[in-house]
Structures are given as structure tokens and as C-alpha cells.
Amino acid sequence: MDRRIGVYICHCGLNIAGTVDVAEVVRYAGTLDSVVIFRDYRYLCSDIGQELIKKDIKELGLNRVVVAACSPRMHELTFRNACQDAGLNPYLYEHANIREQCSWPHTDRELATDKAKALVRAAVRRVYYHEPLEVKEAPVNPNVLVVGGGIAGIQAALDIANGEHKVYLVEREPSIGGHMIQLDRTFPTLDCSECILTPKMTEVAQHPFINLLAYSEVEEVSGFVGKFKVKVRKKARFVDESKCTGCGVCEQKCPWKTDSEFEAGLAKRKAIYIPFPQAVPNVATIDKKLCVYFKTGKCRACERFCEERAVDFSQVDQTIEVEVGSIIIATGYDIFDSRLMPQYGYGRYDNILTGLEFERMTSAGGPTGGRVLLKNGKEPESVAIVHCVGSRDKNYHEYCSRVCCMYGLKYAHLLRELTKAEVYEMYIDMRSFGEGYEEFYERVSREGVNFIRGKVAEIAADPVDGKLIVSCTDTVIGKVLRVCVDMVILCPALKARSDTEQVAKTFAINQRADGFFLERHVKLDPVATPTDGIFIAGCCEGPKDIPDTVAQASAAASKVLSLISKGRITLESAIATVDETRCLGCGRCEETCTFHAPKVVAKNGVMVSEINETLCKGCGTCAVVCPSGAMSIRHFTRQQVTSMVEALTEA
Amino acid sequence: MELSYYPGCTLKTRAKNFEDSAIASMAALGINLKEFPRWNCCGAVYSLADDDLIHQLAPVRDLIRVKEQGQGKVVVLCSLCFNTLKRANLLMRNDAEKRGTLNSFMDEEVDYNGEVEVVHLLEVLRDDIGWKTISDRLKVPLKHLKLAPYYGCTLLRPQEVAIDQVERPTILHQLLQALGAEPIDFPFAAKCCGSFQVVGNREVALESAWNILSSVVSWQAEALVLSCPLCDFNLAGKQEELKQKYREFKGIPTLYFTQLLALALGLDSKICRFELNYQDPQPLLESKGLL
Amino acid sequence: MAEFEPKIIAFACNWCTYAAADLAGTSRIHYPHNVRVVRVMCSGMVDPSYVLRAFEKGADGVIVAGCHHVDCHYIDGPVKCDAMFARLKRLVHTLGLEDERLRRELISTSEGVIFARVIQEMVELLKKLGPSPFRIETRV
Amino acid sequence: MRVEVSSEKISGDFAKKVKEISREDILLCYQCGMCSAGCPIAFAMDLLPNQIIQLVQLGLEEDIAKSRTIWLCASCLTCSVRCPRGLDLAKVMEALRLISLRKNIDYIRLAEISHDALAELPQIVLVSSFRKHTA
């Protein structure tokens, strides 16, 4: 078909016309091959400007349009839509940037005009080769998978379920609640963590739109945005969830003990256990590794005493398949193992606690009934709080963990409130950036806490009296201090879960250098991942406090709700396509693609590459590695790009 | 088995007790430590300046001597020599530019690319022989002996030469355990003894030594176990002066780990040359029935 | 004779470098007119043949620019671009072009200043090097 | 207690020279003081290692020259392995010593060591001391 190209040059007031001789560019456009109409206008993006183009398309039968104006990042879509309104496929349009990349950065009128002419020439040559592309859509399954039952997962699940969409909430542990349920009071308001979280946990348990899959793990994910298939392994609890009433008799009768995860090792739990009183679901679980029945075939005390006959040693893991349209990952964090800094003596000397251990200690329901006690049962007379354990440190984790300064201050406050202890707080920089945080810092300062600005180098114990000697520099006075205390509380870094790599692989998302999940854009798209339909929230994306976690969870939920609300997804049109007559089936494209879009398949007995159009993002790297030239990218074909390169290079 | 061995200057003089007990013990364990010919002083400390290559020549020449012998590995006893040789070796292995300069400067020597592996005797005991073999060969288990294993700096720092975990080493503890003794876990095991400062800043070195010794005493060790002749001078050789300065200090016997190894393997105690120990451990050993 | 004005083709990824070039314009940072930008979706999309064609048609210098490795919209496009670029560099060298005529740059969205600086530097450099030996007018 | 700081000093030859000899980026330091707190000889120092780094940053050469600190450093590398910013302080200290030693100003003089001391000191002590404290 004959090309009938219309070229329109925008003055953009004086923004372009001030530097570029628009009349000359228009005249020049008229000399180019296949150009049938060439005009200029003061503001082409205005309604009148757009009407001008639409009218020409209809009246002059234009089948290609070029606008030379501002950046395509600004108005390409505007003019594509205008073309579409006039019945022209939007991909038969090309945009030349003669403002941001010509009239604004250049001053010489003649040279700028020359450059504008080259840019228009390139656009006209390129548009000659443009092909109409079909805009495809696919439906979105409204069901959602939320992975992780901490505060982030709980919040996201509730937000979505409250919109009456089905949510599968998968939690690896026997109960939801995550790290937050282990915390005592939350900074800076000091409201009790349990008190604010348990209502939400109960809501999850009772929500008609939430299907809670606790003690379960995601095994496999396939499909793509709008249509994921997920295999979830529901681990055997050896207790029938539907029968167990959570009465706890089995726990009392079970003779086998180990350290309680919930109590951070400060107390014991049994081989059959409910992790904590407010557990959701409130059912018992048998720890197969600890239970002696699984080792020797004897005991079964729990089974004997269970009135509901809920104990079931014959249970096996089950695999459940669910179909969802979108996924939120909220898998949380691990805590840095303080043993990796042996100079701090954790695990070597008594009375050196981690933050989480201290949380359990001050918790009224905790193992000490909320009292701060030394190993010998006495209250400490002096306590040091050590910031930045494993964070802001190249030898461990380079990033700032963001919450430690504030929970460190909280510990100082609690110590002043609960004990008579002298409190020393060793910090590098005090980061109190959130709402009410700086005020809290001031409040704790007033309470008589000794702030020492320096990172602790080492902690040693005195063999005679068991006192702990904390060495740090007070960089303000320029002296090395040896602070003698009864108790040390370490503030260890929040780090990416040890299985992040595995999880990233399962969901086809990525990890940053710091180990956490990579967001699509650090500032402007912080809960999306590069994989459409998969979102991240909470500490799996990086250390953050509860308010930020909740905000992020709701943000992820809102992203999911927009997907559901629209009900369909627009597929990228400018994607890879295979010329099957040239394809060798070598699989280079398959190897190079990060999104698993190409796949070599047998077609009529010949191995050829096939593009999954819902996965392809159109990055074009497959076409570069294709040895036969069979792979090309729609709207960025070799011919289109080369014609532009040639046009720009010519004099 | 024969292993190429680098003694260094002090093991041939003041620390003959260290060398003799090591060679005899290793022979008893089936390893012949063979001193390679024409070795020279390694320079004692590794040069930390980027623009100073001249001081790398000495250790590199030693490594060339080892290579000439057709040996792939050299065993070092002295901690300082170990550090200097191993760091120089890593430099030759990893820094192509400096390697080129040094090789072309020493045009009379064969080119050296860091082929030799520098190991400390403790590594040979742990990795080549193994604690279990040592335990199995014990003739005189060092029962009821509470010992403070002291590592000092140069076996552990920097990270790339460390023979064990930098902040909480256990290799000496493990050896002492294999010998039947009770190693204690005291916090100053890897603190600097004051090193060469004993020449230019004597009081400072003494104070550093005191920090360590007082900790050893308070953790109730019966003797201090050493692995370096410089530490030996500061921590054992200076005890008399410290006793005068700190009246409460009664002194503590010191030994090289190799002397304990020789004893536990049932070798003649003469080989230990206890007369060279600054602090005589014999009364303690006798009281435990080990002599 | 008028001063030699080099011709530079810059391949710029849509998400970072192209946006940086826009930002340079928006911020009215002035840089030499000699550059002509070809917008691609990703630096990993740049086929060696595009670059060779530019040289063949008489470009004096070519820049392949895109996101920093951590910013990539497609996760790891720059890594793939790096691999392509290494091959291309050898090829260009074999063809007898000076190494400096082909340049790889990582310029993020916010780095308009850097975009301008890179163009400035490249123009200065090419003015020193003189016209590409492949330029038609320099051929006899 | 008042010190004049100027861009001439900060961008002067001194900091450059330290960087050249040590190949360490002094600007990395965030002044946490961990080096000083773990330093086994800090008790005897008039300026702490972290203060020395700050002085180098500010180009305050005279203050460093007046201090004993760089001569007390025994290159035990405790700070180097621990520095949270990965700065090898031992190399910086060596560079500072060398800047002085290369002007042929020795810290110790062989002639001043007594015969008794020479007889007592093992070679390893003497060699290492001369290497660190003499040109």
C-alpha cells in the first residue's frame, strides 16, 4: 500500500519556535518521501491541534503520522490516541523530540534547525516501516494469594478480603502473627503489640473471604498476571484442625520439651504445642522432629488425652492447587545472628540479650511475667543497649536497619520504667525519622538515659563478678570508655530471609544486592516487582517499621484491587515475534530471557521458538542474541531502527 | 612426609625451644620439617604502604627459594614470619602489576607468581594430621592443666591470612583439648601484646602485656600458651618487671604450644629446652605429674 | 575551513538515559548539538548491526547508554548489553576504528547533567581524533 | 580549642599523599569510633585513631605531627578487620609514619638503645621496631 504520511511540527509557543526555524523544518518535511501533508501549529497537543491531525487523516486518507514536538514521554500517547480516534492504528504514529532534545539544550538557531530536520527525517523514514499492532487483553482472576501471615500479609489480606475478593493467605508457621506478635510494646506510642494485632488476627480467622492456609508453604508458581496457578503444600500438623479446640491438654501431657520459638528461647514448649495463647488458628501442632513417637513408635500421650480425638499420627502433607490473578509476597525478615560478631560475646557470656529476647522479657505474658531479670534472678542495676549490631557495617550488612534506633530508645524507656537500672545507649547516629519519633527521643532523654555516641567494639565478661565490660569510644569527648554493666541488649540487624533466593526463584522475581526483594522502581513503584501481578510488602522488601509496613501492605492491596477492578489486563503490543521460517530452534532466546517468554517447542515436527505474549515485556534482548534473525521486536524491528540510524547519520 | 620449613631469625636463637620442640614433635607425628637452603630474614613485618615494594623483596625471595626446591608448600612457626610471608605471597598471586615489577627487578631469580602455599604449623596439625590422630598418639595426656591459649595478632589478621575465625579463634583451644588439657576461654586471646613497641615505647608495651596477663590470671589459668617469639618476649620476658610494677602479680608460667605437644607425645623433656623459657613451667608440670 | 563537527549517534534506553536527556533539556543544560538520540526500549535491545550501520554511514562516534545495573526496568538488560558491547568493541577494533569512538554509558533518569557532560566530552574527544576513517567525504 | 579549617588544607597535598601511600579512602570514615574502642594501645594515645582520620580529612597535618598516636600503633590490625566502612586504618597509620620517616626523621635511634637492651631483645623485636620506627 502507498504510504501517505502527514508531518506536523509544533511551535510549542516559543519553546521550539524560539530556537528552531519551524517554517524551514516544515518546508523540509515536504521534500521527504511519501509525505503528503506538512503543517505547523502553535500548540499541537491542544484540542484544535489534535483536530487538525484527525481531520487530515480522515480527509486526506493519511496512513502514517509524524508529530515533531516535545518528548514522546510527554505526548506520544496523546497523538497515538488522536490517531486511533480518527481510525488509524496508533502504532502507525511516530514522534520526533525537537524540544527536550533540540530546542532546549541548544542555542544556535541554524544548528538546532538542522538537527530538528534530521530528527523529522528519521521519524518519517521510521514511520514508513511501521506496522499496525493489535492491542490485546486478557481477563484477571479476582482471587489473590498472599504469602506470609505477619502484619504485612494480614493487612493486605484484610484490605482485599474486605473488598469481597477471595484471598488465600499462606503462612509457613503454625500460627499467623509473624514477628509483630512477639513484640511487647511498639514505639513511639508504647501501645501493646499483641493488643493491636490480635483483633486483626481474629478477623483473618473469621473472614468469609479469607482462606487461611497456616503451616503451609508455596511450592510452585506457574502462569502469569491474571492467571497464576499455585501449588501450596499444607504440612501435616498431625492434629485435625477441624476437631482441635485449642484446649491445650495435649501440651500439658506431652513430656518432650524444646526452646520455644515464640519466647525467643527464653522458655520451653512441648513437642505438641500451640505456639502462643492467641494463635490463629488456635490449634495444636506436633513437631515431628521432637516427638518421640516418630522416633521410637511409643508415647502417644497427646492422643490418649485428647477428648476431641483430634490427634492424627497418620496425617501426611497435602498439596493444594489454587488459581489466582495476583500475588502479594509479605514474607518478612530474619534477625541477624549476633553470634556472627563474637566480639560482642553473645552466646558466650550470660546476660547478653538480643532485642527479641528482651521483648519477651518485658512482655507481661512472657516467661518472666514482664520483669527484667538477670540469670541470677536479680534485677540489673545497669544495662547497655548496643545499636547497629550487624547493620551499617560492611563486614555484615551495609544498610541501616531503620528500626533499631527507635526500639533501642524504647528499651531505654522500659528499663527506666521497670527497673532502677542506669541505662547506657551506644549509638552511631540516632535516626528518629517517623511521626512522633524525635519527640520520643526527647522524652527518653529526659528520663535519664546516658547516650554515648560511638559503636561498641567489644564486650568482655569479668570472670569474678560476671559484670560485662562494654568498650566503646565516646566520640563526642574523644575518650575510650569501658562501661561496666549487668546486662547488655544487642540491637541486631533485620536481614533478608535466608531462603529469599529460593522464594525469588519460585515467584520469578529478583533480589537486590542487600538480599531483599527488588521493587520495580525504588521511588515510584515500590510495591510492584518487575513481574506483573506480583507485589511485595513489608520487610521482605527491606527493613521497615510497623507503620511503613502497614502502609506498604495497603499499597500492595490497592495495586491488586485495581487489577481486579479493571478485570482485564492490556498486553504489551511491542513485543517479540518469531519468524518461524527462519527460526533454528536453538534456544538462545530462551536462555537469555529473564521473563521466560520464549520457549522452544515442536511445531509440525520442527523445533521453533514460541513467545508467550503475556510474559514478554519487549526488552528486545532475545532479538540481539538470535543467530538467524528470526526473532524481532514489534515496533522496534531491525528495519525500523536501522532506517532511523541511517537517517540520523546522513548529512 | 617431608615439608619445607622456614624458621626465621628468632627461632634459630632466642626461641630455639620453640623450634626444637616443634621439629621433634612433628617427627614423632611422621612429618620431617626440612629447613630449605638460603633462607633470609623475611623483614618481620609486612609493609603496609602501597608504594613500598622494596620491602616485599625479602619475603618473596624466600618464597622463590621454596619454589626452587620444587616444593608447593612451606610451613612457618613464627607468627610474624607467617604473616609476612603469606601476605607477600598473596600480593604476588593477586596483584599483576606489582608482581611484574618485582619479578623484573629480581631478574636474576625465576619468576614467581605466588605458587607456593604458606601455612602455619597449627594448620598442618589441624588439616594434615588432624586432632584425632594427635589424641590417638598421646602418651602423656595433659590432664588437669588449665591453660590460656594466646593467639596474638598475626595468625588472625588480616582476614585473608587468618588461620581461623578472626574474632573468636579456636584452633589452639582445639589442639590443647586434643592434648588432654583444659583450655580456658578468656577475652584477650587475640589482643595485641604490644609488639615491637617494647623498643620505642616500652611502658606502653608493658601495659599492653599487663592487660593480657591480668586477664589470664583472673580467668584462673595455670599457664599461658604461646605461638610467637615476639609475644613470648612481651608476655613472658617482661613478667619480672611487671611483678615489680604490680605487686599483686605473682607471675604465670608460659610455654610454646609445641612444647606441650612434645610432652604429650611422650618425648624426652630435654627437647623442650625449658631453660630458654622466660617463665619456667617445670614446677607446674611437675606438680601435675607431667614431668 | 570550518571546524570539524563530529556526528554522534547515541542509543538511549527509554527508561533511564532517554529520560536523562529529556531532563538535561528541561533543565536547560546546554550541550553540543552533535548528538542524535535513537530511543530504544532497553540498552540490551541494541543490536551490534545498528552500531556498525551508524559507523558505516559516517558517524564519528557512537554511544550505547542505558540504566545502571540496579535500575533496569527489565531487571538485567544492562548485563546483556555489556556482553554485546564487549563483542562489539572487539569488532570495532578489528575494523580499525579507534576504541574511543564507541562508548558505553550508564546514565540514570536523574542524571541529566551527566548526559550533557558525556556528550561534551565525546565531542571534544572526537574533535581531537578527527573524522571517522569511514566517513564518505574522507575516503579517496 | 579553635582550629582554622580551609579548603586549601582539605584539598591540600597532605591528604592526597596519605591516600597515595595507603591506597585507602579516608573519606569513608563515619566516625563511629569502633577502631579506637578496640585499639589495644588507645589507653596511651593522646589522639584516638578515629580523630586521626578526621584530622587527615581536614588536612590538619600539624596536629597529627604533634601527636604520638601514629608511633604507638603496632599494626595489630584489630581496627582494620573491624572497620564497618572497610577502611584499613593500619595502612593509613603506616602512610602517616612514612610521611615523617621519609623526611629522614626517625622515631627511635639505634644509638640510644642501651647495650643491655640490645642483648636482651630478640632479633624479631629489633627488626620489626626498626622497620616501623626508622627510615
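Chains here go by letter, A, B, C and D, matching the order in which they are written, and residues are numbered from 1 within each.
As a convention for this text, contacts are C-beta pairs under 8 Å (C-beta built on N, C-alpha and C of every residue); 3 or more make two chains touch, one makes a residue touch a chain.
What you see is a predicted model; the values in this text were computed from it and never measured.
Participant: A-C or A-B: which has the larger count of contacting C-beta pairs?
Facilitator: The greater number of contacts lies at A-C.
Participant: Comparing chain centres built from Cα atoms against the global Cα centre, which chain wins on proximity?
Facilitator: A
Participant: Could you please state the distance in Å, as a whole number, between where the Cα atoms of subunit A are centred and where those of subunit C are centred?
Facilitator: Inter-chain centre distance comes to 33 Å.
Participant: Find the geometric centre of each of subunit A and subunit B from their Cα atoms only, then give the gap between the two centres in Å, rounded to an integer.
Facilitator: Result: the chain centres lie 51 Å from each other.
Participant: Between subunit C and subunit D, what's the gap in Å when you average each chain's C-alpha atoms?
Facilitator: Taking the mean C-alpha position of each chain, the two centres sit 46 Å apart.
Participant: Taking each chain's centre as the mean position of its Cα atoms, how many Å separate subunit B from subunit C?
Facilitator: Whole-Å distance between the two chain centres: 58.
Participant: Two or more other chains touching the same residue: where does that happen in subunit B?
Facilitator: In subunit B, the residues touching two or more other chains are 167.
Participant: Could you check subunit D for residues that touch two or more other chains and list them?
Facilitator: Residues 43, 81.
Participant: Which parts of subunit A, given as residue numbers and ranges, touch two or more other chains?
Facilitator: 343, 458
Participant: Can you name every pair of chains that touch?
Facilitator: A-B, A-C, A-D, B-D
Participant: Taking the complex as given, what residues does subunit D use to touch subunit B?
Facilitator: Within the complex, subunit D contacts subunit B at residues 20-23, 40-41, 43-44, 68, 71-72, 74-78, 80-81, 88, 90-91, 93-95, 98, 107-108, 113, 117, 120-129, 131-133.
Participant: Taking the touch rule as given, give the residues of subunit A at its contact with subunit D in the complex, in rising order.
Facilitator: Where subunit A meets subunit D, its residues are 343, 388, 392-395, 428-429, 453-458, 471-475, 478-481.
Participant: Within the complex, which stretch of subunit B touches subunit D?
Facilitator: On the subunit B side, the touching residues are 8-10, 13-15, 41, 43-45, 47-52, 55, 78, 80, 153, 157-159, 166-167, 191-192, 194-201, 203-204, 207-208, 211, 229-230, 233, 237.
Participant: Quick one: which bits of subunit C touch subunit A in the complex? Just the residue numbers, please.
Facilitator: Listed in rising order, the residues of subunit C that touch subunit A are 7, 9, 14, 18-19, 21-22, 24-26, 28-31, 33, 36-42, 44-50, 53-54, 57-59, 70, 73-77, 80-81, 84, 116.
Participant: In the complex, go through subunit A and note every residue touching subunit C.
Facilitator: Touching subunit C: residues 71-73, 97, 99-102, 104-108, 111-112, 114-115, 118-119, 122, 510, 512-513, 518, 520, 530, 574, 592, 594-595, 617-621, 623-625, 633, 636, 638, 641-642, 644-646, 648-651 of subunit A.
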